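Heads up, the thing below is written out as structure tokens.
For reference, chains read A, B, C, D, E, F, G and H in written order, and residue numbers begin at 1 within each chain.
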Amino acid sequence: MKFKVYLSGEIHSDWREQIIEGVQKENLNVEFFSPVLDHDASDAAGDGLGQEETGFWRDHKSAKVNALRTRTLIDKSDITVIRFGEKYKQWNAAFDAGYCAALGKPYITLHPADLVHPLKEVDAEAKAWAADPKQVVEILKYLFK
Amino acid sequence: MKFKVYLSGEIHSDWREQIIEGVQKENLNVEFFSPVLDHDASDAAGDGLGQEETGFWRDHKSAKVNALRTRTLIDKSDITVIRFGEKYKQWNAAFDAGYCAALGKPYITLHPADLVHPLKEVDAEAKAWAADPKQVVEILKYLFK
Amino acid sequence: MKFKVYLSGEIHSDWREQIIEGVQKENLNVEFFSPVLDHDASDAAGDGLGQEETGFWRDHKSAKVNALRTRTLIDKSDITVIRFGEKYKQWNAAFDAGYCAALGKPYITLHPADLVHPLKEVDAEAKAWAADPKQVVEILKYLFK
Amino acid sequence: MKFKVYLSGEIHSDWREQIIEGVQKENLNVEFFSPVLDHDASDAAGDGLGQEETGFWRDHKSAKVNALRTRTLIDKSDITVIRFGEKYKQWNAAFDAGYCAALGKPYITLHPADLVHPLKEVDAEAKAWAADPKQVVEILKYLFK
Amino acid sequence: MKFKVYLSGEIHSDWREQIIEGVQKENLNVEFFSPVLDHDASDAAGDGLGQEETGFWRDHKSAKVNALRTRTLIDKSDITVIRFGEKYKQWNAAFDAGYCAALGKPYITLHPADLVHPLKEVDAEAKAWAADPKQVVEILKYLFK
Amino acid sequence: MKFKVYLSGEIHSDWREQIIEGVQKENLNVEFFSPVLDHDASDAAGDGLGQEETGFWRDHKSAKVNALRTRTLIDKSDITVIRFGEKYKQWNAAFDAGYCAALGKPYITLHPADLVHPLKEVDAEAKAWAADPKQVVEILKYLFK
Amino acid sequence: MKFKVYLSGEIHSDWREQIIEGVQKENLNVEFFSPVLDHDASDAAGDGLGQEETGFWRDHKSAKVNALRTRTLIDKSDITVIRFGEKYKQWNAAFDAGYCAALGKPYITLHPADLVHPLKEVDAEAKAWAADPKQVVEILKYLFK
Amino acid sequence: MKFKVYLSGEIHSDWREQIIEGVQKENLNVEFFSPVLDHDASDAAGDGLGQEETGFWRDHKSAKVNALRTRTLIDKSDITVIRFGEKYKQWNAAFDAGYCAALGKPYITLHPADLVHPLKEVDAEAKAWAADPKQVVEILKYLFK
């Protein structure tokens, strides 16, 4: 038994490493996927296709190139963990949640308690809300019981 | 020929009225749907099912009751317009965008120019980005040409 | 705006009438569907196709003839209300819940509080749990707000 | 040729062991999956996400955490065996049957003869009804003929 | 409540008329659809697109033109009745059954008892087997109970 | 019985008028849909959303706005007629054919005989190839037989 | 590159061996699947679940047990070859064709020329008609070119 | 992490070799698929099934035999690259784009700048437009960052 887990959302803290290390300590058969985590590289993902005059089209191209990776990996995964932090808008994380919900793909949200109210629609479709990465590790550990 | 249009997202300004009035002036055959627009009623949507001790479960119940309406109406609609304002996080709006994208349902985003960068993944799947409600009316008018 | 609501499950009490009357008093635009509610007729639904020696095949034929109606009506409906009572096993009601969940069709459960534990998997996918028919009417009323 | 088989339902008797051992004796290439079989652990699956005041929300969280495993494994499986015993309500087993039926995933029911009548809708969509685990082994053996 | 019923299969006897008349006597709200019933016209359906040298391509073109109608009408229908007679091979009728089964669309078979063995796979996915048109009328009547 | 027919492809000749008039003469119950047929308006469909520096982005925006209409109308239609002329590349017409094929939506191609070789993959999935609009009318007339 | 090929239909001649041997001689990377080919065993597939009084239910049970294998293997396969012989009705083969067509799974028919007319609807959805097993081997060989 | 990439479209230049070699130099874990690239063999793909009198049917048979390969490989792939050259009509390439779009499968277009206008609908659904094979290699390299 093996689970494939996609780690979506915030890329400015080490929550992914915490989950991956926690899972490795437990020797669980989990394969993790992520978007590109280098922020500058992600913003420039489309630059190789030609320079743009406006921010809108530069962003547009980069977002689509990134989607080549994120869509493919979410589709391959059994479970998605979606992280929301306090500083950023992370509409892409909420977008991923809606994408998973529509396809019936289960996901776990990971966010601090003070985001409960604005994330209520996202949490309503989640299979679990975790407040810290250790709880995500606990859930993944339980799945192999 | 008739189009069904769902108006998703921010509920604190009159953008829906502007679109609906603009469309009525043009005599276009559009049927509009919306979520419940009364903010307090929306937050209390699940209260009739019993009081909750914690904010999380109150929000959870209300979000699910609202989903009975929003899911049904998005599924019935041909096109969704998704509005993001500057003040609020509106993760539910981004969630609706992801939901539409996964099902291949076309949507238009409506937001000011300074949200272009954080909304790039949401805009990347949109069929159009409009900066004000008049542009949405223009598009809808064009569809009946 | 109109909602189509299928009323699934227990057929030995008047919960359907209570919901339908409650909705009529509120003048809501809801069209209700139900399975055949005459218990003996339902058990005999397949008898016209020839008599059977064993209970298994009589039940089998009748269950399939009933499925012609129930499947069609659930598929046509926007929302399903699924009622569990205390006296009966009503595995067919739980079956309908699983059927709705797989297709992403939202449903509301209706059952007394002492069934919460054995129904936890069914409630986990529900958009709401109502303990009495009045609460279902409240939710439906809210949807038209 | 290999079949993946999910064993759903009752967790208080050794029917899973009987099927697995029977299949191993025949050297059939079957990979089996199950939900978590430790009843107390299953009821407590969500406890790591925070304590709850009420039974409803404790059950709710645990049912959803369990769904992360059960949904994923049913989706991966070719065939599901669904066991109903006499003592328990096992609405979750009937839910799994409805879930499989909606997705066109074939399943086998396993239950004693005196449950034939209340399970008629569940059996009507099954590819086979087995009265004891040996019959399930017989069917699986036949599939490799 | 209304059902849409597609009448597939054999076109050399009056079974369709019998069902339609039986349903009209009962005043049931059923809308019936059928393929083109004029055998020669059906074989010549593609002739207007140009003459063919070989029987294979004449048949090929006509079968595809007919599929424009049959596919559309099966897709629109809630229930399909599929008739097999003794004289003809009617592989198209069995094809329609497989098509319905794959899409989860319920169907009823209509055929004499001596075809039970060769039709076992087709009957296995049917919701009912009727031996004469009156039984089909009985089932349709029951659906409106 | 009614058919909805989408007329896709070339917008520089009067083939749509010929089909619509032919069908009207026969009093067939067909509802026709088309993309916006005014070439300049179509190329400028996105201009109301802001001027672009480059041809690529102007085209991009207009193509997406047009997709709001074309996708919706193809999805609503039972049958699509796809016209290829000799002068233009009409990759959008071939795109519509692939879109229909993937969704199992039947389509008819309409093109002169000298395009048979380059259109072989498109014709291979079509239900019919017509060389002139009269043949399309003939097929539609046949569907109502 | 590897193809999975399901060999459906007639089980009284050695056409499967001819195809498999032909493919082995060419060293093509093809994995073949088939239904159970022992006719008596296939008819008795459900006997282990209890004896039946009537032929209908014996056939019914066996057909469903066989479906556990055939459905799973068709779903796993990339291409299905469907064989029709002159002596038998083989409605199950036509059923498999309809099943494949509905799911967009490509299939090849294999039958003598004098079955062209009654099989026209089945051939109309096929990607190829082969008159003998060597032609099927030719096609499979071509796919690896 | 591995990506499967299908290379669709023009078969008269060495763009596939350029991409494959570029990817190999970077040691990326990409598995490439293509249609049959031998033009004459592709046109003759159906000849083994019997000679045809007319070009239409010869083309028809060959296109369908080729579809056995192309459909299967596109379905297996994560990403499709679709190449349009200046000399040919390549409606099959645009057909593949529409096919991918309908199924939500991401694709990249590869074509010179002077094809931007006629390809606008195809580019509108693409995740990226590359003007030369090196840019495709750049994107694939980025996906493994």
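Details
The rule is short, and it goes like this: a residue touches a chain if its C-beta (ideal position, glycine included) is under 8 Å from a C-beta of that chain, and two chains touch if they have at least 3 such contacts.
Worth saying up front: this structure is predicted, and the values here are computed from it rather than measured.
Counting C-beta pairs in contact across C-E and across F-H shows that the higher total falls to F-H.
In this assembly, the chain whose C-alpha centre lies farthest from chain B is G. Relative orientation of chain B and chain C, expressed as the C-alpha superposition rotation angle, is 90° to the nearest 5.
Chain E and chain G have CA centres that are 23 Å apart.
With centres set at the average Cα position, the gap from chain D to chain E is 37 Å. Chain D and chain F have Cα centroids lying 49 Å from one another.
Across the assembly, chain C contributes 64, 67, 102, 104, 129 as residues in contact with two or more other chains. Chain contact summary for the complex, chain A toward chain B: residues 55-56, 59-60, 62-64, 66-67, 84, 88-103, 113, 116-125, 129.
Put simply, chain A touches chain C in their complex at residues 102, 104. Only residues 33, 36, 38, 41, 45-46, 48-50, 61, 64-65, 67-69, 71-73 of chain C touch chain E when the two sit together in their complex.
Put simply, chain D touches chain G in their complex at residues 1, 3, 78-79, 104, 106, 108, 126-131, 135, 138-139, 142-143, 145.
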